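Both complexes shown next keep chain A, but they swap its partner, so chain B is in the first and chain C is in the second.
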Partner chain A sequence: MNFVQNFPFFSIILSMFSGIVSSVLPARAAKWLNTILISVVGAMSAVLLVYLMGTGESYVYWMGHFPAPWGNEIRAGVLEAGMALFFCVIMLLSMTGGRKKLLGEVEYSKHNLYYILVNLLLSSLLALVYTNDLFTAYVFVEINTISACGLIMIRQNGRTIEAAVRYMIMSLLGSGLFLISLCMLYDLTGHLLMSNIKESVAVLVSHHQYSVPLMTTIGLMCAGLAIKSALFPFHSWLPDAYGYSTVSSAAMLSSLVSKGYIFLLIKIFYRVIGFEIIAESKVINVLFVFGLLGMIFGSLSAIRENDIRRMISFSSVAQIGYIYMGFGLGTESGMTASIFHILSHAATKSLLFIAAIGLTDVSKGSRQIVDLTGAGYRNKIAGFAFTVGSLSMVGVPMFSGFVSKLLFAEASIGHTYKMLPAVIVLAISTILNAIYFMKTVIRIYVPERRKDCEVITIKNEKEYAVTLVCFIVLNVMLGMLSQPIVQWIHTGLSMFG
Partner chain B sequence: MVGPNLFINYGEAVAVILFGIGFSNLLLQKNLIKKIIGLNIMDTAIYLFLAEKGYIAGRVAPIVVDGVQEVEAYINPVPSGLVLTGIVVSVSVTAIMLSLTIRLYRRYHTLDLDEISMRLKKEGL
Partner chain C sequence: MNESVTILFPIFFPILMGVLLLVGKEPKKKALLSRYTGGVLLLTALMVLGLVWGKEVSFTMFFLTGRLPVYFRVDSIGKVFAFVVTVVWVLAGFFSFEYMKAENAPRRFFGFYLIVYGILIGLDFSGNMITFYMFYEMMTLLSMPLVLHERTKAAIMAGLKYMFYSFCGAYMVLFGLYFVYRYANTLTFTAKGVLDATLTAGNEKLLLVVAFFMLLGFSVKAGMFPFHGWLPVAHPEAPAPASAVLSGVIVKGGVLGIIRVIFYLFGADFLRGTWVQTTMLILSLVTVFMGSMLAYLEKGMKKRLAYSTVSQVSYILFGLFLLDPVSLTGSLLHVVFHAFIKCGLFLCAGAIIFRTGKRRVDELTGIGKEMPVTIWCFTLCSLALIGIPPASGFISKWYLCEGALHTKTAVFSWLGPVILLISALLTAGYLLPVTIKGFFPGEDYDYAALVKKEPVKLMLVPMVILAALAFVLGIVPEGLIRQLSAIAGQLM
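Right after this comes the complex of A and B.
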């Protein structure tokens, strides 16, 4: 066995242990440990990605050297390694972007607690990405929920505690459904490892046995993970949770936490149930309808919103709708588009959250869009970054959002009865996106000099500016180099099979 | 066809009904403590379901006392392991929910989530 193959296990265990060690470290040391950890895990994932690209096949890693039906397993393919790398990059940038703001938002004595939560979040995300065992996935789903809840409520005010309670209630409903569906699947198949379940499910389907319980199980599993990732009717907790937590938390919650669950759902589609069975089932039609509804209603709520951070949060609801719409198409190209949108949305949404905080800082801390008049001149880099993020969300060529919209449109074309609704809603949602994002961009570039507000230049906040530049580069890269990325997603999905 | 199966597996049926009760309590109750009770009913129902599925009538727990016997002598130990792990998880989420409830109660002196939301809107934070 090659040494590189240990890296997934190393990344999970390293991040978990750093979380534990951070609890006794002073805030400064915890900060450095966290930064180093994310960089090291990112580097390991990059090396693993290169290695897997070279060998061209995925591998299974036995935890504790017990063979297949009994032991716990980790599995790594190109898609997993690439996702882990991407999550690390986004997390690192979100942390550096909100670092200075964190001082004002969280008491200094509690900073090391914040880093514990971030490290735990990273470890649970990595475990969700790499695990090959459904029950392990459930346990890490819960760890992910707990650390996300901590990230919301570490900023102490009434709003965040209420948001955290609402978030916990919704998440617990979701994990309850996920757990019972997992137990039912265990009863139907007798296995907990993904590959073994898939074999048993294929046998059950070919013999037409237990078809109703199997479909119920699939439905419950999809519903559970959809609730946790805030698909449209279950999004009530989202605007408060993203809107009032710390900046770094909001960026990570929107771009990483919900994406972890969605990635788990993709793994369940491909590695547990089998994509053909999913594509023929009625479950994806339900996901398709709710995805479409989310795309429209998320954007409508965002238009009505006057608070810039809540507006960006509602936009997340719409973008999650896009991803589920791609699942609902039930084709390989639909899945590719959804996975690309996971990347594109993660890169753009965290950029928007971090840019928005720069804009509100130069407007006396007011988050009302009306008060942001001319903020783009007072903080040039944040204004520019917000514009880039908005253009990407709307889907202007050169930026990542354009490519994902193009992929969604391509995927829906040729579908007999889902093509028309998908394309029409895509168009409507794009227009709605343009309305609220362009409204804000125009507002921040209204030439009005306000003497009473401070001006922030790039020199004052180097770390913040560098972060935003990195985000912009990442966004443009996703938009311009889409071909190799789509190729990578295709290879990864074929390795899943 | 459905009838006899339902009566033979009455344990599972009860578990699923309890799950429904817990789920709707967690979703619909206004009082936070009642919500948490709903959460616990829901989780416990899942453990009952697992325990029902793991037990095979007339067999014993797989603890070797006088030499290893035939496989047919023992029940399936995996569901019991899952129940243990699940209990740990549900204890920790219950603890978090309770601590959040205490925080909210100290601040707003009510356990009604809707009322707290209304007050937050009035505060206009």
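Right after this comes the complex of A and C.
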């Protein structure tokens, strides 16, 4: 076995241990540990990705050398390695972007608690990405929920506590449903390892046995993860949770936490149930419809919103809708589009959250869009970054959002019945996106001299500016170099099979 | 078709140079700025002319998704547009060297001016719809800084209005694009259309709706009713050289889009005689009349010219929607002529503002005595725009009317020429008073206070060239007509 193959295990265990070690470290050291950890895990994922690209096939890693069906397994293919790398990049940028702000948002004594939570979040995300065992996935789903809750609540005011409680209730409902479906699946197949379940499910389906319980299981599993990733109409927890938590938390919650669950769902589609069975089931039609509804209602709520952070949060609901719409098409190209959108949305949404905080900072901390008048002149880099993010969300060529819209359209036109609704809703949602994002961009560039607001230049916020520039570059890269990325997704999906 | 990388140079060279100008340091000498810009403009112009007079070449840059490449091709229609863009861009550019001395931040202006030039060339040489769409959006986005250059509240609002209208139009196009892609297998521009007859069978109604949306989307940029609202706000707010190129060639981006959609994606036969054609003809005629009426009522000089653009570009659209080779020739002629004429008119208006600061038409009494050459240029351009023979506008309007009479469309074959005539009358009504009042100020004009205010040669020469082109092309139009009617013949 090649040494590189240990890296997924190393990444998970390193981030867990760093979480534990952070609890006894002073805040400053915990900060450095966290930064180093994310970079190291990112570097390892990158090496693994290169290695897997070279060998061209995925591998299964036995934890403790217990063979299947008893042992616990980790599985790594190019898609997993690439996703882990991407998550690390986004997390690192989100942390550096909100670093200075964190001092004001969270009591200093709680800082190392914050880093513990971030490390645990990373470990659970990595485990969700890499695991080949459904029950391990469940365990890490719970760890993920708890650390996300902590990240919301750590900024202590009434709003965040309420948001965290809401998030907790909805999330636990989701994981409850997931657990029930997991039990049922175990009952039906007698296995917990993904590859073994898939074999048994194939046998069940070919003999037409237990078709109703199996369908129920699939439905519950999708519903559970849909609630956790805030698919419309289960999004009620989202705007408060993203809107009032610290900026780094908001960026990570929107671009990583929900995406971790979605990635798990993709793995379940491909590795647990089998994509053909999913594609033929009626469940994906339900996902399709709710995806479409989310695309419209998320944007409508965002239009009505006057608070910039909550507006961006509602836009997430719409974007999650896009992803589920892609699942709902039930084709390989739809899946590719959805995975691309996971990347594109993660890169854009965290950019928007971090840019928005720069804009509110120069408007006396007010988050009302009306008060942001002229903020784009007072904090030039944040204004520019917000504009780039908005353009990407609206789907202007050169930025990532355009490519994902193109991929969605390309995927949907291959479909007989779902083509028309998908394309029409895509068009409507694009216009709605344009309405509220352009409205905000217009607002921040309306010239107004306000003497009472401070001005932030790039010189006195270097770290922040560098983060935003990295985000912008990432966005443009996704927009311009889409071809290799799509190729990578294809390879990854074929390795899943 | 030859693969040749040379096609990329005139697109990316000015873009690169523009970006360098924007991110670089402020030069120590002001003159350096205009020398640099002028050099880049001329070099690019040479490259474009090389392509225009060379063979048809193409180049595939990279693939966006599995089957959609970013693909450039120099074809006959692209050559016409690229030529027009180049002439207008270089002349207005040289005009702006003097004009921008009075404005803030000339470096920013020239930077974006160069970038947009490259993008327009890319737009003209796009070989498929997705490349076209990309450059179309970039054109909107990067020409916006030209509109809001003066950074006043009105300018910024105008810029944003421009962007909002254009984006909404572009999305209608994108929406249609998905469907065309579904029924065509390719988006590469092909004369007479790309639709696959086996796939489209039974879906004609849907495709007509799609075509309607795409045409409507591009007509936003061309300022057609009911989406003309941004044009008279955005064009006058920009500095004069920018308004000249906006009105002269950037609106033609929308026209090119419509040509590409009708003749290169759907094919003229697909649309002939359908409700889409009828609706579009009605809308364009309404715009022709409404634009000149509003221009007639408007008192601000640049705003009047902007309304005139609304009206004149719809002449072109009317000719396109008739789907007739003769009227198409007329439209293409009008594309060329209107670009030169409108650019000339805006430059004259800019020169007047630059020297006297007068922005309203009723302030211009006696202006012909102060700036005789400028007003002579203005007069020649006006005559050409009205369509008085032998000036150029006459030729294009002649072809438009002949085409209209030639088609068998029930009402439009006579209604079109009538409205075109009325509009020409109104054009005379809103342009000639400037000349008349300018040269014949009346008895109470104080000749003693007369000061010569003619601008410097650098400003005069571009105006004179444009006015001469507007006039001379009307006297010797055979070569141009032959070229353009050959293109029109290929497309139908």
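Following the convention adopted for this analysis, the second predicted complex is superposed on the first by the 497 of 497 C-alpha atoms of A that agree within 3 Å, B and C clash if a C-alpha of one lies under 4 Å from a C-alpha of the other, contacts with A are read in each partner's own complex, and residues count from 1 in each chain.
Convention: a contact is a pair of C-beta atoms (placed from the backbone, for glycine too) under 8 Å apart; a residue touches a chain by one contact, two chains touch by 3 or more.
Keep in mind it's a predicted model, so treat the numbers as computed, not measured.
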item: Chain B versus chain C as contact partner of A:486, first or second or both or neither; value: second
item: Touched partner set for A:447, first chain B, second chain C, both or neither; value: second
item: Touched partner set for A:10, first chain B, second chain C, both or neither; value: neither
item: First (chain B), second (chain C), both or neither touched by A:210; value: neither
item: Touched partner set for A:157, first chain B, second chain C, both or neither; value: first
item: Partner chain in contact with A:183 - chain B first, chain C second, else both or neither; value: first
item: First, second, both or neither for A:142, with chain B first and chain C second; value: first
item: Those residues of chain A which chain B touches in one complex and chain C touches in the other; value: none
item: Complex interface listing, chain C residues touching chain A; value: 62-66, 68, 130, 133-134, 137-138, 141, 151-153, 156-157, 160, 163-164, 167-168, 171-172, 174-175, 177-179, 181-182
item: Chain B-facing residues of chain A, complex; value: 135, 138-139, 142, 145-146, 149, 153, 157-159, 161-162, 164-166, 168-169, 172-173, 176-177, 179-180, 183, 186-187, 192, 244
item: Residues of chain A that touch chain C when the two form their complex; value: 391, 394-398, 403, 405-407, 409-410, 412-414, 419, 423, 426-427, 430-431, 434, 438, 441-442, 445-447, 482-483, 486
item: Complex contacts: residues of chain B adjacent to chain A; value: 16, 19, 22-23, 26-27, 32, 35, 39, 42-43, 46, 49-50, 53, 78-79, 82, 85-86, 89, 92-93, 96-97, 100-101, 103-104, 107-108, 113, 116-117, 119-120, 123, 125
